[in-house]
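Heads up, the next two complexes both have chain A, just with different partners, chain B and then chain C.
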Partner chain A sequence: MLLHIQFSPEPIPAALPALSLGSETGAFVEFRGFVRGEEGDHTIGGLVYETYQPMAEREITRIAEALVVDHPVQAVRILHRLGPVPVGEAAICLGVAARHRAEAFAFLASFMDRLKKDVPIWKTDTLPAA
Partner chain B sequence: MLLHIQFSPEPIPAALPALSLGSETGAFVEFRGFVRGEEGDHTIGGLVYETYQPMAEREITRIAEALVVDHPVQAVRILHRLGPVPVGEAAICLGVAARHRAEAFAFLASFMDRLKKDVPIWKTDTLPAA
Partner chain C sequence: MTLLYFAQVRRITALASESFNMGTPLTSDELWQHVLQRHPDLALLRPAIRLARNGAFASAETVFNPGDEIALIPPVSGG
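Our next item is the complex of A and B:
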């Protein structure tokens, strides 16, 4: 499994080329998580993300290596934005390539659940609504 | 639910902007299905897709309207290529925008299962391996 991890304060590109390993790749799935205009019952202008990057990368790698045993995907790309992220923009983009779509879907859904639970990425603040 | 359906003999663009309805959209998921280099136990160079478009569009609309009841997504975009599709290129691209990722994942997985089963899109031929 190829694994690419990137944290950046820069906006995640609006469109990224699909991951593919060539003639053996039958499925690519991408998830983007956008900041919504409410947090709890507050209207917000954005969220601020922080991480402890060495630990976050280790945890992401650990989760991916555990999940690939049951869901044999070929390549995983995870981009996470740090710092202020305005409403409507993506905080995360996760792409998965696999032979068949069932593996890709299962990996993606499980990965996102584990990421939220186990990886030290925090929403440390909100930006005021415009 | 916004629903966009497009059949075309042209290649599906390598990267498409995410669907979003603005501050209410928290999740976007895209699936791409690529033609793989084997069909059964044959090595192939591609597949040829045909459809009866009026019926395919009706069925896709029917499936989407049924699924949105349980999985309240906001927008769905489906592009399907027709005619010859070489190995490594996408035959289908399905994008789903929703408030939360769980709805988007569930809609996407169910939609693909139903599409394969109920929509008159056929693989009518194979292209010889290079």
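Our next item is the complex of A and C:
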């Protein structure tokens, strides 16, 4: 499994090329998580993210290596924003390539559940609504 | 050992990190005793905080050594 991890304060491009290992790849699925305009019962302008990056990269790798045993995907790309992220922009983009769609969807869903439980990334603050 | 503080923990300690001069290894309970002596306001958050040693989550049996980097990990919220 190829694994690419990137944390950046820069916006995630609106379109990214599909991951593919050529003729062996039959499916590519992508998930983007966007910042909504409310947090609890407050209207917000955005969220601020931080991470403990060395550990986050290690946990992402550990989770991916565990999940690939049951969901044999070929390549995984995870991009996560850091710092302020305005409402409507993506905080995370996860792309998964596999031979078949079933393992790609299953890997992606399980990975996001695990990320939200075990990867040290935090929403630390909100930005005021305009 | 170096302690790292993130998110809610950093807001309470008002520090991103600090050094503890310990000459001997510590259990997690012993480590928490030292942390709470310096930052008693963390007590309420303690049940929700996981400890990490050198970039990996600690277990109940983990021993923290003088040269370790230890992170206090409050509930995460990525994605």
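Observations on the structure shown:
Everything below uses one rule, namely that the second predicted complex is superposed on the first by the 130 of 130 C-alpha atoms of A that agree within 3 Å, B and C clash if a C-alpha of one lies under 4 Å from a C-alpha of the other, contacts with A are read in each partner's own complex, and residues count from 1 in each chain.
As a convention for this text, contacts are C-beta pairs under 8 Å (C-beta built on N, C-alpha and C of every residue); 3 or more make two chains touch, one makes a residue touch a chain.
Predicted model, so just to flag it, every value in this text is computed and none were measured.
By the touch criterion defined above, A:Ala66 reaches neither chain B nor chain C. Residue contacts after overlaying the shared chain place A:Ala130 against neither chain B nor chain C.
In the superposed model, A:Ile121 makes contact with chain C only, not with chain B.
Looking at the superposed arrangement, the partner reaching more residues of chain A, out of chain B and chain C, is B.
Applying the stated contact rule after C-alpha superposition, one finds that A:Gly26 touches chain B and leaves chain C untouched. In the superposition on chain A, contact is made by A:Met112 with both chain B and chain C. Looking at the shared chain after the overlay, A:Val87 reaches chain B, while chain C stays out of its contact range. In the superposition on chain A, A:Leu2 contacts neither chain B nor chain C.
Where the contact sets of chain A with chain B and with chain C meet, they give residues 33, 112. Residues 4, 6-7, 52, 55-57, 71, 73-74, 76-79 of chain C are the ones touching chain A in the complex.
Within the complex formed with chain A, the residues of chain B that make contact are 14-18, 20, 22-38, 87-88, 90, 99, 101, 104-105, 108-109, 112. Partner chain C is touched in their complex by these residues of chain A: 33, 49-52, 54-56, 58, 80, 91-92, 112, 115-124.
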